[in-house]
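All chains are identified by letter, namely A, B, C and D, in their written order; residue positions are counted from 1 within each chain.
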Amino acid sequence: MVAVLKPTVTDEQVKNLTAWLEGRGLTVHISKGESYTILGLIGDTSKIDTELLEGLEMVDSVKRISEPFKSANRKFHPDDTVVEVGGVRIGGPHFCVMAGPCSVESPEQILSIAESVRASGAAVLRGGAFKPRTSPYDFQGLRADGIELLLEAKRRTGMPIITEIMNAAHLPMFEQVDIIQVGARNMQNFELLKELGALDKPVMLKRGLANTLQELLMSAEYIMAGGNRNVILCERGIRTFETFTRNTLDISAIPALRELTHLPVVVDPSHATGAARFVLPMAMASAAAGAHGLLIEVHNDPKNALCDGAQSLTPEQFAAVTEKVGKIRQAML
Amino acid sequence: MVAVLKPTVTDEQVKNLTAWLEGRGLTVHISKGESYTILGLIGDTSKIDTELLEGLEMVDSVKRISEPFKSANRKFHPDDTVVEVGGVRIGGPHFCVMAGPCSVESPEQILSIAESVRASGAAVLRGGAFKPRTSPYDFQGLRADGIELLLEAKRRTGMPIITEIMNAAHLPMFEQVDIIQVGARNMQNFELLKELGALDKPVMLKRGLANTLQELLMSAEYIMAGGNRNVILCERGIRTFETFTRNTLDISAIPALRELTHLPVVVDPSHATGAARFVLPMAMASAAAGAHGLLIEVHNDPKNALCDGAQSLTPEQFAAVTEKVGKIRQAML
Amino acid sequence: MVAVLKPTVTDEQVKNLTAWLEGRGLTVHISKGESYTILGLIGDTSKIDTELLEGLEMVDSVKRISEPFKSANRKFHPDDTVVEVGGVRIGGPHFCVMAGPCSVESPEQILSIAESVRASGAAVLRGGAFKPRTSPYDFQGLRADGIELLLEAKRRTGMPIITEIMNAAHLPMFEQVDIIQVGARNMQNFELLKELGALDKPVMLKRGLANTLQELLMSAEYIMAGGNRNVILCERGIRTFETFTRNTLDISAIPALRELTHLPVVVDPSHATGAARFVLPMAMASAAAGAHGLLIEVHNDPKNALCDGAQSLTPEQFAAVTEKVGKIRQAML
Amino acid sequence: MVAVLKPTVTDEQVKNLTAWLEGRGLTVHISKGESYTILGLIGDTSKIDTELLEGLEMVDSVKRISEPFKSANRKFHPDDTVVEVGGVRIGGPHFCVMAGPCSVESPEQILSIAESVRASGAAVLRGGAFKPRTSPYDFQGLRADGIELLLEAKRRTGMPIITEIMNAAHLPMFEQVDIIQVGARNMQNFELLKELGALDKPVMLKRGLANTLQELLMSAEYIMAGGNRNVILCERGIRTFETFTRNTLDISAIPALRELTHLPVVVDPSHATGAARFVLPMAMASAAAGAHGLLIEVHNDPKNALCDGAQSLTPEQFAAVTEKVGKIRQAML
């Protein structure tokens, strides 16, 4: 960490600040220029509150050299984390496709979709029970009943399931859920993250619509700091000025995250683009950029789906995606 | 609501869709063009799920004419809502300044700041007990103890208090809190909003970093749909590409929200700019643009504050703000 | 085009507006609702100025159904445009790699890079002579001398060349340049676009940092409206809140543009990411998403390059890119 | 400037880099940490190309402490620049309102508007002759004829005039124009800026839709580096995700620019909001935040204006703006 002090700083102030920093276990290198004095801080700076330091009157600016996340940081854990769940591996050399409907609607619907996506190569069944909707008047999901239907589909097909949590008070319902999803809107719901950190169940954390990669990793750090190291990151598009696609899928986040962290990185092209016809090219691009997996919406009858029909693939379209993505993966060996 | 159908639509499909829409209580006007067919939907369209409609294969696009929010909509409630709390009025012709430290730190600190901001014209005392911090390693607030210190300051000074909630499970601690604040990161924590909708206590809802005005109003609608009509909106800066200020304070949101809704609109220039020296001009601009109030961070010793010291005013600087803002308000009569 | 009229509109006003629109060759379908009147405008609306229409007092809002671009529109030209230059084809089934240094620096440098990129499969030589730099104190390129060096490299290697124009007054120097590049900062320099429209030389138009796909196509339309149909579009990253990569490469722009237009779409992963280590994954992702080509910075000695060294590949790294991208292209057949 | 070197750097490399930097007139302070070596560079770093330095393999990152603009920098010119034109002063303690139509349409129109805005307190007449339009099919302005009409209005009313230039080749037509405006889309048309730098005529430089304050100042620097110090900066809204207003007026740019530079800062609330009804509150907010002036669109018949009618004020509405803004200015004394 480098702290640049203002031209007006006195020797007394430098001495006091240095003492305070050394008291926090850091070594301080002082470099005096004509106008600015620069402090190089050596040691474990991850627990120094940058804003607090910048708040000091004598400080002009502060620059981190090392990242403020530790558990998620690849520098301290060079090897890829592989999350295992119900015989499925996510991360490292493995590629995992999770598929299913935006909303669980009925026993027949979820079972039929589960069977068809499994046949096309999906390893994990996704399905929404608790649905975050912008409007209180929109369909909010089957909630507890939706979880029950997912569990029934799991028993019938043997597929592990992933579904979204919106409230820590619902955790008891998620006991047999294999992967708990934290949605983009809750990425910085720190109270929820802390509770998930106390579990030993895999958590898939979606990047918020306007959150930086560093903020995503700090949210993963909230979960990992609690002891739960089974975190999967998910890029799902960010909010930009472009409105032709619903959001802008940040594919460069894939190699960037793989450099910064050892955690698996999957991509959700369905929510990112909001349009079924763009799911295939974006799935292929994600695989080519090095993603560890995909999260794809599939519905047996998209035009009558209770939510997000516009972005759902038919089972046939989904089969084409897994086939073409498989060829891309082959080409990368 | 206007639905544009694709050129490939058949008469049969138009008939079926029209019947389905009429079944939902709408009147449908059909306008056939050379290539596109346009349906004008008349009636209460606020409960129609736009995405569902756009998901139908035959539909090209959908455009809302009326807004999807009802309780918050000025069209249906032309008069300004005035929220009253402990003798203080927020909204309509009233102007309310809420001030206090980012974090409650000690009994002496909060009481001393409370007394000084009251003397300068603040009507409500703000102070953070539960602090949403990007890093799990940063100071998280005094939590329950912080609430206790705020309540003690309330008893001593008679000022109503406002503080942030991060978890619905903490609600019992907020029983004597006068205004509950929902922070920007929780603006779309719909589960929390629903629980606040069941109270009759005023809620101040901060706009999320990347949320549109319409999304802010839909989140207010979540609270109001539950029966709680005491909602105060707060603009606190949005995330843009500009990095010189921490966020970009969207001052045009003030007249825009005042046109769209009858709810009070206050502004937080401290978090928006992240810099104490910009709080005065942004407070003056907010007043001149028609804000109903301000939320300002004040600390007796900003350079030693436990959080956000860089953006906190000293009591003397705060007194200058209330004086100059008062003159602006005078000039607007 | 759909125009929604305000509730306060009178029959007289509707009659006048309808007459005015019919006078512009449009057929008008009127649909009267309880509160809003909706006009469906049928015919060639590409020459109607939407803002002018929205400016009328009686008009609430206007929505285009058909796009405002015609020459670039795939609807009117279903087949892919293939731009041919010096025996090289760009567009349709062809894949074209353009490579070379950010700045032309010396005869030896440009010739040596040209030969090495040609050996690795590049078909077009790129090189900057006129450099748009944020600071007037930064290196501005060799300018006219740079063009001379490029032409010399073209004569020696037989490769067609592409280089950026910043000023229409420089056009005489570009006579033997094969493809003229318009940089992101000049995407809406309409005066320059008009002059390029009068040529019959291929133009590569880069998307502006904050421009929508529709604006990019409208700028292509400026060139095409002048009679020059040899336009190549280039996605090179957009400006977002994320700062880890220099810009955010919008890979979904590839399938989106291919749907909207028949023009070739190439990608510049070097400028988008600003980092050599991300060029390979982004090049692979671009190919997998359906790009017609790539524009890549290569330098024989990146760490001593006069500009953009950080994002330049060595010739060896570039050879790896063409090899791996070739495999991706293979897998897509 | 601070350069952080990578952990892998050798003593030899540090020695070479230090020699290279000292050769450029800088003093180098070396601070060696456990993993990183930090160089503090003292002296005139404004002419060091940051990207070039970051491009060196051994360099991890570079941080500027002093800004890369010199002529525009308040640190080197503490006193406000006051631009004088035709007896009108812009900058310092003066407040200047420029008003007129988006497009010059006819002799009667421009003269009638000129007289009415002058009567309401406008000091400078604005009017568009060359119009940058997104579509080649939209009205492009009266061009040379428009300049003639403006000059005629200037002769009749005595008001100095401001109008936009889009092409340096048009400069001869601008000889009697008092202030040349560079539009947002040309803010980084560096070739145009250089030509304006060779004049001694005032230039008003509008901030680009997606440009940072530092980039705006670097573009001002292009003009000033050529010797022309009469630059006026104009904030006119930036592009964000919010679509309710056309752009987001960045009012915090006013105090930020006034801190960074001595140049005058004016605001264009008409283009920023795109809606006449938001011009008054945004004009008042701009004045309260410390702007040196306003640029406002006024039309005698907005609903029949040839462009931007939706955002133009009637002369009566404009009179209300100058009156209320005058009161805000009064309150700030």
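Here is the rule we use: contacts are C-beta pairs under 8 Å (C-beta built on N, C-alpha and C of every residue); 3 or more make two chains touch, one makes a residue touch a chain.
Predicted model only: the values in this text are computed from it and were never measured.
With contact taken as defined at the outset, subunit A and subunit D are each touched by B, C.
Among the other chains, C has the CA centre that is most remote from the centre of subunit B.
Taking each chain's centre as the mean of its C-alpha atoms, subunit C lies 26 Å from subunit D.
Here the spacing of subunit B and subunit D, counted between their Cα centres, is 32 Å.
Separation between the centroids of subunit B and subunit C, computed from CA atoms only, is 39 Å. The set of subunit D residues that touch two or more partner chains comprises 210, 239-241, 243. Against subunit C, in their complex, subunit D makes its touches with residues 46-47, 49, 51-52, 54-57, 68-69, 132-139, 166-169, 185-186, 188-191, 194, 208-210, 215, 218, 221-222, 225, 239, 302-303, 305-312.
Those residues of subunit C lying in contact with subunit B across their complex are 2, 4, 27, 29-36, 38, 40, 42-43, 60-61, 63, 65-66, 210, 239-241, 243. Interface of subunit A with subunit C (complex): residues 210, 212-214, 238, 240-245, 248-256, 259, 272-273, 277-278, 281-282, 284-290, 324, 327-328, 330-332.
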